[in-house]
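This is the structure I have questions about; it appears just below.
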Amino acid sequence: MTDSNAPRTFVLTLGCPDRTGIVAAISGFIAEIGGWITEAAYHSDATSGWFFTRQAVRADSVQLPIDEIRARFAAVAAELGPATDWRLTDTGETKSVVLLVSKDSHCLTDLLSRAERGELPAQISAVVGNHLDLEPLTTRFGVPFHHVSFPAGDPDGKTAAFEQLRQIVDTHAPEAIVLARFMQILPPDLCAAWQGRAINIHHSFLPSFIGARPYHQAFDRGVKLIGATCHYVTADLDAGPIIEQDVGRISHEQTPTDMVRQGRDIETLVLSRGVRWHLEDRVLVHGRKTVVFA
Amino acid sequence: MTDSNAPRTFVLTLGCPDRTGIVAAISGFIAEIGGWITEAAYHSDATSGWFFTRQAVRADSVQLPIDEIRARFAAVAAELGPATDWRLTDTGETKSVVLLVSKDSHCLTDLLSRAERGELPAQISAVVGNHLDLEPLTTRFGVPFHHVSFPAGDPDGKTAAFEQLRQIVDTHAPEAIVLARFMQILPPDLCAAWQGRAINIHHSFLPSFIGARPYHQAFDRGVKLIGATCHYVTADLDAGPIIEQDVGRISHEQTPTDMVRQGRDIETLVLSRGVRWHLEDRVLVHGRKTVVFA
Amino acid sequence: MTDSNAPRTFVLTLGCPDRTGIVAAISGFIAEIGGWITEAAYHSDATSGWFFTRQAVRADSVQLPIDEIRARFAAVAAELGPATDWRLTDTGETKSVVLLVSKDSHCLTDLLSRAERGELPAQISAVVGNHLDLEPLTTRFGVPFHHVSFPAGDPDGKTAAFEQLRQIVDTHAPEAIVLARFMQILPPDLCAAWQGRAINIHHSFLPSFIGARPYHQAFDRGVKLIGATCHYVTADLDAGPIIEQDVGRISHEQTPTDMVRQGRDIETLVLSRGVRWHLEDRVLVHGRKTVVFA
Amino acid sequence: MTDSNAPRTFVLTLGCPDRTGIVAAISGFIAEIGGWITEAAYHSDATSGWFFTRQAVRADSVQLPIDEIRARFAAVAAELGPATDWRLTDTGETKSVVLLVSKDSHCLTDLLSRAERGELPAQISAVVGNHLDLEPLTTRFGVPFHHVSFPAGDPDGKTAAFEQLRQIVDTHAPEAIVLARFMQILPPDLCAAWQGRAINIHHSFLPSFIGARPYHQAFDRGVKLIGATCHYVTADLDAGPIIEQDVGRISHEQTPTDMVRQGRDIETLVLSRGVRWHLEDRVLVHGRKTVVFA
């Protein structure tokens, strides 16, 4: 359901310890199989001594099936060392996304609309809410809505609810689990199970204003810009690898209520960019940080 | 030395508890003395219940001397309650600014250049450095440079140095004491003496990355924007009322060294805006926050 | 359907030839009727010699009905001269908006969503499309959709279609007629009839790239930023008074197709801001230009 | 005089008709000579069918002298076709820049300051002014100033003046001739002689507001953002390939005089970025457009 004008491509992402000859090895391999490179990005991180690349190759330029390419490339990767982390995906294979929501509709509407008009290279398979408020909006877009209740002050009930959530989500084997203003904190086991796939939007310019009511914190501090942060979820609250951030200017005239409204537009854009880049395999995680080949 | 095209104006700033009729009282007074208002800004803060205004009146529209206007307006202000805080200044009177510097030249060069080409409504009376590095640059612009040495690890020596600094600065009765990348922390007594006049530039988007080496902190956290903050100095480090902030986009490609370079441009602009607004009486402080009628 | 936290207010907007005493006259009147001013903005335009103001007064602070206030204020306005143009509205009265669309859904979805969650102080009464594509999306939000066919190459048919459009629109006496990527050029008589109420979004940073396919024009010229412009519709194509503009950064990597996608986000935000400001009586038109008290 | 922390590198830039195997050929060559790639950027332009790359290699990773590398690489380039355009430079060789100025000091001060503190990988060899105003500022920075008078209304005198200008400039064989708010239009023969090296800053967001007094044009049109454009000079006024652009927000409150002041900051930043990128061999020109590997 992605942009039908975009030609089908194979996307290779790779991270490995840096040394000379890596680009030659990879591009030599691609040339050998006749691959026409349409996008290529590289990054050498001097601090960590790590090398990163993303390459997009027109699928119609290569005669081999993707599994064969993967098998052959494994040998190239092996030469780059045992720590090498790589992946080869096919934009022709539909990816699945599951959204987690609570009561705020702005990110949900935006992602459903983008998916519907082909801006996201994925299908939204399901929406799970801990409230029923967003069921009507979701079903209008023809997407199934699941309600999971999280009983306040009942640890066992919460544990059961998260287990139920996990089962619904895992059914779809999603490429991304997007916390689109989902107001429950994922337990460590879910953070671990969904590592590198669970994406959150926090409504502040992290690391400022971690936790609850960040716009009220921003108002109290008197900052002149407010922001939003899209990041991978980790067990360490609001501290996962950052994918994207943006800010908007405010002044003394904005109340916290005004900031909430203005902030919605920033959150919406930042989350949509982060999710799209993730789905297009543009985000490579290394430790607490990301390389984003946007 | 300000823009010679700008007509001379009287600038009134006022803060008081909010209630009905304040604007009528002030504008009635201005109309009564024949004042032609060229700029008028108002702000009602619902949270604090405080009212703020700034009004600029063409000096040539009023026949009274400024002291007479002040004397008459005192009666209006008195009616607005004992907490009323107001000020009436004349853009025809030259304001004095003192700059405090260490080794980084970008903010110093920028402020000296702006003052020289008439962009700041003030004269830079002196530059004080805790190193000698910036003496040649300063004197090129015809501004006196004073060197005050701050001996590391010698508390008594430091106290004496701050006393020497205070004397040099206070000689000029400056409207603003600008810490243009000055790398010494002002002691509480100087913070108190210069309250509302000492302006600092911090090279991060506060409240993120307080203290030392903020670009390295930003690099380690993997943020996607870096920023700078211009704020009034208080005894609470990097926590004074914020005047202005701005940010610039970075990516995985920037090293801390790149951030330092890119950050200079942000620091320079943010500080110059903050200083100009302060000198134009556009910044009203209330508690930990500012109202900026930019 | 607007933000239920916002208290009901009376909004006064006024433009008149500048002179001394205007603010005193207006604020004196407001104080006299006991009005509590929550927002006040003023602008003196030295070039045109015109004065502009917008004032918001809490409705519950005034005991008079709005018609009585209007009647009394007419006397104040009369003293400000015969060219004085003023208006007093009540945020408690629901405003109506009609949207005109073609095939692109992004602005439509955005405006329907904002209206639904109470971000626009108005009700979207109807959507009129010259194609049927957007009917399902519109009706999902419970808004009536009207299809008006504009036969290509048939001047009489087009004239009839515009007449049909006018009748549908005028039924709702809308406060705003929003051309949300409507791909027909309004004839001069409709521009005249809807003057100051018809709002368009053009997908370039005007005055660059007037007319068709602006992103392709931008690509050919090799600009480094693309933009969008929200403006009032006049008979002079893409030359009406500008309400709002914004831009986004592009690089050599963006194809025209990428720009179209990226541009949608800019168009959406710029149009939504322009429409909201118009509905909140924040936009005052004077000649070819606007004063926006945002 | 560039950043002493930056290691010496060889920079290869290349443009050629796109086809498979180019990256493999280039990176194979670099691997062969033992080159450690620190930066690599690629761009395939589908519209023009052209391929662009820029690669930075640590000088200390290669044992060959640069002339030997050039000689060997010529064979690789030859295989990429006769239209291939390439260049190999050494950041250890100091580049020369000449600045052309009139009366406005902001861009001049900025470039002199950046060069002095090592932010530009070049030496400013000379400043040429058609007025004497900026001589004192220039000489303060230890840079020679040349005055060339352009007699108004005297075509022969102007021709002679441009000839004098050409001789002064060409003496330095500069890598860049920067028109830092130089208010004379270069004649076609100079545009041709300095093609790809003459860089101008225009004080509008081109293609809007070509020619004289762009801020006044912007004021009259009522735009909400003003901008600046850094571009290569061609015989077609303000229409050369764009290197960089940026904008700043304005409102109804800004007069043309305010825009001139605010615009200076935008012009300064945009020009400094454009010049730095040019000097770092990050700008590849193709037809009327640029690829900027920033």
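We just call them A, B, C and D in the order they show up, numbering each chain from 1.
To be clear about the criterion, a contact is a pair of C-beta atoms (placed from the backbone, for glycine too) under 8 Å apart; a residue touches a chain by one contact, two chains touch by 3 or more.
In this text, all values refer to a predicted model and were calculated from it rather than measured experimentally.
S.K.: If you tally contacting C-beta pairs, which comes out ahead, A-B or B-C? Let me know.
M.R.: Counting C-beta pairs in contact for B-C and A-B gives the edge to A-B.
S.K.: What is the chain whose Cα centre is as far as it gets from that of chain B?
M.R.: A
S.K.: Would you kindly tell me how far, in whole Å, the mean C-alpha position of chain B lies from that of chain A?
M.R.: 41
S.K.: Find the geometric centre of each of chain B and chain C from their Cα atoms only, then give the gap between the two centres in Å, rounded to an integer.
M.R.: Taking the mean C-alpha position of each chain, the two centres sit 38 Å apart.
S.K.: What parts of chain D, by residue number, touch at least two of the other chains?
M.R.: Residue numbers touching two or more other chains: 39, 46, 253.
S.K.: Quick check: in the complex, which residue numbers of chain B touch chain A?
M.R.: 43, 45-47, 52, 205-209, 219-225, 227, 241-242, 244-247, 251-253, 255, 288-292, 294
S.K.: Where on chain D does chain A make contact in their complex?
M.R.: Of all residues in chain D, those touching chain A are 20-21, 23-25, 27-28, 30-31, 34-42, 44, 46, 61.
S.K.: Quick check on the complex: what are the chain D residues that touch chain B?
M.R.: Listed in rising order, the residues are 3, 5-6, 39, 105-106, 109, 113, 116-117, 119, 140, 253, 257, 261, 265, 269.
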